[in-house]
Amino acid sequence: MHIPTSNYKKRVALGVLFILLIVMVTSPLYAPRYTVILLTSIFMFIVLTVSWTVFSGPTGYVSLAPAAFFGVGVYASALLGFVFPLPVVILLGGISSSCLAVIVGALTLRLRGIYFVMFTFGLVELLLHFILWWEVNITGTTGRVVPTVGNTTVYYLMLGVLVIVILTAYLLNRSRYGLALQSIGECEEAAAHTGVHVTAMKISTFALSAFFMGAAGAIMATRWTYIDPRIAFNPVLSFLPVLMAIFGGTGQLYGPVIGAALFTYLEEFLITRFPYYYMLIFGFIMVFAILYLPEGLVGMIQKLWKRIGGAKHADS
Amino acid sequence: MLDVNRIDAFHGRIQALWEISLTIGEAEIVSLVGANGAGKTTLVNTLTGLLPSASGSVEFCGKRINGLKSHAIVELGISHIPEGRRLFPDMSVRENLEIGAYLRRVWKRKEETLEEVYRLFPKLRERQGQLARTLSGGEQQMVAMGRGLMSKPRLCIIDEPSSGLAPIVVDELFRTIEGLRCSGMAVFLIEQNVQQALEIADRAYVMENGRIVIAGESKRLLQEELIKKAFLGM
Amino acid sequence: MIVTVLDILIAGLLMGGIYALIAVGLSLQYGVARVLNIAHGEFIMLGAFITWSLYTAFGIVPLVSLAISSPLVFTIGFILYKTLFTRLRISSPSVAMFEGKSMLACFGLLFMIQNIAILSWGAEIKGYSYLAFPVNILGAKFAANRLITLGFAVVFGSAFYLFLSRTRIGKAIRAAAQDAVAAGLMGINISWVLALCFGLGALMAGIGGTLISMSYQIQPTMGLEYTMIALIVLVVGGLGSIPGSFVGGFLLGLVGSIVTYVQPGLALVAYYVIFMLLLLAKPTGILGR
Amino acid sequence: MKSKGFMRIFVIAIALFFLTAAPLAAKDKIVIGQAISLSGPQAAGVDISGGKIYELWVHEVNKEGGIFVKEYGKKLPVELKRYDDKTDIGTMTNLLERLILEDKVDFVFPPWGTAFLFAAAPIANKYGYILIGGPGGALKLKELNVPYFFQVLNFSETQGPTLAEIFKEVGVKSVAVAYRGDLHGIEYGSAMVPDFKKRGIEVKLNKSYPPDIKDLSPILKEAQSLGVDAFAAACYPPGGFLFTGQSIELGINFKAFFLTVLPFSPNAYRDNLGVNVVEGVMGGGAWNAKSSPGAKDLVDKFVALFKVEPDYWGGLFYWSSLQHFRKAIEKAGSLDQKKIRDIMANEKFETALGPFWYDKDRYFVNHPGEIGQWQKGVFEVIDPGAKRTAPPLYPKPAWPKKK
Amino acid sequence: MPILEGMRVTKHFGGLAAVSNVDFHVEQGEVFGLIGPNGAGKTTLFNLISAVLSPKSGTIKFKGVDITGFKPYKICRMGVARTFQTVKVFPNMPVFQNVILGSYFGTLPRMSSRDASEKALEILEFVGLSRVKDTPAGDLTLANQKRLEVARAMATHPDLLLLDEIMAGLNPTEVAEAMEMVIRIHNRGITLIMIEHVMKAVMRLCDRIMVLHHGQKIAEGTPREIADSEKVIKVYLGEKSRA
């Protein structure tokens, strides 16, 4: 069903991926310890960005809810961390986020465009303030202590989620469901008349993407020891995945991956080199990227590639 | 007055206009007819700068206008009454008309012009306080025409004035358009309603698939059976 | 009892005035220029800091400093639109695309403006007191500076409304908001009008900033919370509707004041609940179509 | 995990012990890392409380040529390596570990705020790095059991009872309490109320408010209508400004007016509002130039470098803790964290505020004061007992009438 | 039993009756024409049948099952496919993917991707779009986009196909091609309902025709009967004859 790539090319790509995976799995054994921590961060952002793209990329519904789903995961970790083993907690974090996504999805079906954007962002703030009020007035606390685990454990857990997210996104992209999602983004009405159960597709994909965000939140919370609603529901986490996806380009699966990885690294670089000017430089890069990289890094790379490789493999 | 010379235009990657050439003289009514999707509106939009032209030239009174923004083209004395009327729905009839006289040189005399328009379309005077979106189709078309005339143009381009209107209203509308000739204004009329468009025009062009396939005196076009059958769907 | 009710009502109106004013600017920027300006609060912050600087350094009274700060903020907004957003608008294939991209570009601007403010004014909290004395209204007491803020909000709001409904440029702005293409065919220079609107939106934010600095402490990171409130008001009143922003602003102010009286902890929750319920029930807002 | 950390430190310590015999690799400076909020909502807090003390200390140490470390046989200057955590806890934890693992700094200084201390303490502890607490603190930190963490600042545990004592002393009969809906607010709110009740002071109002609220007049008006003598709020600067500003605007006067966070800052509070406006306002803290000769010295040095006065809550605390730290290094004669930690935990050194030591939970106890009050532009310590620099002013004068 | 049956179908838009009390029935295997002036309610009726809208009153039965209140995807999976008056292709998806979506989600949902792919290719061949199968649909000419819509609808393997003005905007050659395509679709045993303004096509292709005017059925019958009906000529063809 796809434009057939030559077997050779496919094998090379698989080989590269395999080596990359081996390197990532073994890196805690020999890489500098901070590299492992930085990689964990990068993985987290890749998870958020790719799972954002899974839903928002093809359907065109720009969700600003990642911070809400992430926050639910964080709270799951804080509430259940002392009760269940960590893998169960991560699973539960993901499931709670999914449940929230199902409710939100069912409520917001009618909203398109900017209204959906606003609603999802409102959700983050509503949860933040509601939980804040709840903790202060009902449970009488705001901070919660989260059980911590070692950096290497966090690394492997995040890597695991990352691999699952990418695999899921890849399979979804190739499957008929991926096609259906894209058709929803291009023309919802026509999709419905072609037999696509638009509502079910949208809600289930939204829930799927929320699952991974929740799982990421549950894992990340263990690095923080202490959380409160403000820490858990950080609105910036809603914007970053969107920016990273745009920065990388949403046309291809590797776009958001590259976008998230580069963006996170760039931020780390700027923040440590130019602590007093980092926002200025970062903001400038953002504006620059939006102005001059309309299709993201991937789009630019593809353009360059075509120019270099000539029209030999010009695809449609 | 308007001189279009071999222009091409594209919709994305698809060529929509192929080497279009046409002329419109002073105080002349020229019709452009052709089936739905033949490229009539595309052509008009290219003339008034809503779409870029890829090659060729458009001159108005000896001044090259392709490449100019639409507001600059309007300023030169071309008024474009767009397809589907495109009124400002939440403004009153009067405000819609007033905004037609936005150009600095006509704004000062907008009251007089307004009177002229009301004389042309007396019904609009009664409706002047009403919001544009509450009007009937025929009334909306009157507002659109009136709004286009408020800028005191030398050339008025009217795109599909009859679409969606009842036959009686269309008759009235065409009589008004015919009357514009007396004021010395040139009219470029784009129509699907071939019969009536040809009846009031001096000359006409027939478009098909982005090309002008026939040009000539409208009386002559009306008589040729073959043309009627093949291109006008009558 | 009556005094208490009056107290709550007027307190709500006082808050509502500020809310309305900052929302009007955003409404103009989104309704006409199609930029959902996430950096709106940063312009409020700029207005506030310019006012503070002028007051503390030269003793220029806040209400007078409006004459200096407003043109400054307007120019920044106008130039930003002329350069950055016009380019984005032309290169975007659709309005939806432009809306998305311009919102993200605003996020970048937010970062830049905040950083510049921290570099030039420092991160610390600033404040001054001006017209801080009580005024008695029917037995209830209110702050003079807040009353003045309400007065200014109403005056600026009405002036702005008149400008839009009566003048040639104002009509052009409304026309451009309703149908930009048709407006171009009327001889209206769209990119100029859009830049004007963005500039005016920034100007309203600047005025809001000046008025806010009279009653609240200010700091470079203060922007986002005001942006959020402006967004809520915008949605409640109807995206792009100027009268809607006023209705939304006052409504939100009243709700806030009532809820604060009953249970202060829930004031913000109430804002967001209203915001989201309205999005679900009538996404186009109270006065939207 | 923890025992593994200890093992590692143990091995390193033994290795270092043997290595000291051999000449150490040339060391020309001591690098101290700090991930702190230079941008984001907390940046303002860093600026008015604490942030600058660390810079001053580095400045002063270097002026003297550095810290003498016997191991190297010379004075080593100090370099402060600062990163911006953007007020994001995830960024802070990453940067802290980066400082320790990648930049291999010799020591770390704390981030800003209680929540951030919570996150930082276990991390520093894990790598065997000493973390001397700066701005922030809570009882809950004790539960974490982190041997390398030292709590410096005082908080509700000691301030609550002191405030209640002062109120009882001046004759406050009833009080209204408002607290911010967060860790700080709840901890103070729930500490103060029983303290008041125990001393027979009636708590007529006890309400929380959300951190981002823009109008606190309902609480003030309600307190006024209940006719309370005193108003006590557990707040952060935004709320503090709002409580002050709105009670001035509305002409609401209480006989005592106390805010936890904010009044201690001479620049943010006194200078923004005016000396006569803040007259009589009480706040958490507290110390001033009269507290000790060292305190006067600190104010002078601070003003000389930054042209503004230091904050009168934590300033002297952090400053003295750093002096204590420095003496511990010098006594250890080495940069070994374990050795220094043990000295810090057990030894008493003379510092700017007088003798400085930690208790068995590694909490600093010899506070220069708990509660301050603005009197004629000076933040006087009004605690009962020897630390008092001036008697409490009661009732507080009414807010001055403005033109 | 008729394949599609409507009883007293009514739909209002803001007080105005767009379709009122219309009875109709379409027999298995016939080509049913739906004509009437602009705004007569033809497309509204299509929207009611394909469940974009639900009727205010009345019932619509497909193969004897009452389908009022169903969702569009469900109607499609039961075997009703449609095209749109204003073309609605998926512009950024290649032509082939536009079509294969229909095979995946149509009446035969469990189709393997190999079968679906074969079916899509076959249909592209059938409508004559094989050459452009990898072109993004948005880049096609209007005529080809209309063909693509038909292909996508065909790929869902429908029993009943609703064609909404597939000849509008086409030139005479293209109209002839489209007519030929309709005949071939009909030959496959698919029942067709078509809204069309090109009279020549309607008269030649349809077995029966229904005329709507102001939301009401004013005539129904064979093309001959319709062409001879005084009433129809007056309200509908009248405009043309006068011109």
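The letters A, B, C, D and E name the chains in turn, as written, and every chain counts its residues from 1.
Simple rule for what comes next: a residue touches a chain if its C-beta (ideal position, glycine included) is under 8 Å from a C-beta of that chain, and two chains touch if they have at least 3 such contacts.
The model shown is predicted, which means the values in this text are computed figures rather than measured ones.
Contacts with subunit C and subunit E are shared by A, B. Fewest steps needed to get from subunit A to subunit C, stepping only to touching chains, is 1.
The chain with its CA mean position farthest from that of subunit B is D. For the interfaces C-D and B-E, the C-beta contact count is higher for C-D. Per-chain CA centroids place subunit B at a distance of 34 Å from subunit E.
Centroids of subunit D and subunit E (each the mean of its C-alpha atoms) stand 76 Å apart. Separating the CA-averaged centres of subunit B and subunit C is a span of 41 Å. Residues of subunit C found to touch two or more other chains are 114-115, 118, 265-266, 268-269. The multi-chain contact residues of subunit E, meaning those touching 2 or more other chains, do not exist; every residue touches at most one other chain. Among the residues of subunit D, those in touch with two or more other chains are 38-39, 181, 208, 210, 212. Counting only pairs that meet the touch rule, the chains in contact are A-C, A-D, A-E, B-C, B-E, C-D.
Those residues of subunit D that touch subunit C in the complex are listed here as 38-41, 43-44, 46-48, 181, 207-210, 212-219, 221, 237-238, 241-242, 245-246, 248-252, 267-268, 272-274, 277, 401-402. By the touch rule above, subunit B contacts subunit E in their complex via residues 12-14, 35-38, 164, 167, 193, 195-196, 208-209, 230-231, 233-234. The residues of subunit A lying in touch with subunit D in their complex are 32-35, 37-38, 41, 129, 132-133, 135-137, 140-143, 145, 148-151, 220, 223-228, 230-231, 234, 236, 268, 271-272, 275-276, 278-279. The touching residues of subunit C, counted against subunit D in their complex, run 7-8, 11, 14-15, 114-115, 118, 122-129, 131-134, 141-146, 215-217, 219-221, 225, 256-257, 260-261, 264-269.
Per the touch definition, subunit A reaches subunit E in the complex via residues 1, 3, 176, 179-180, 182-183, 186-187, 189-199, 316.
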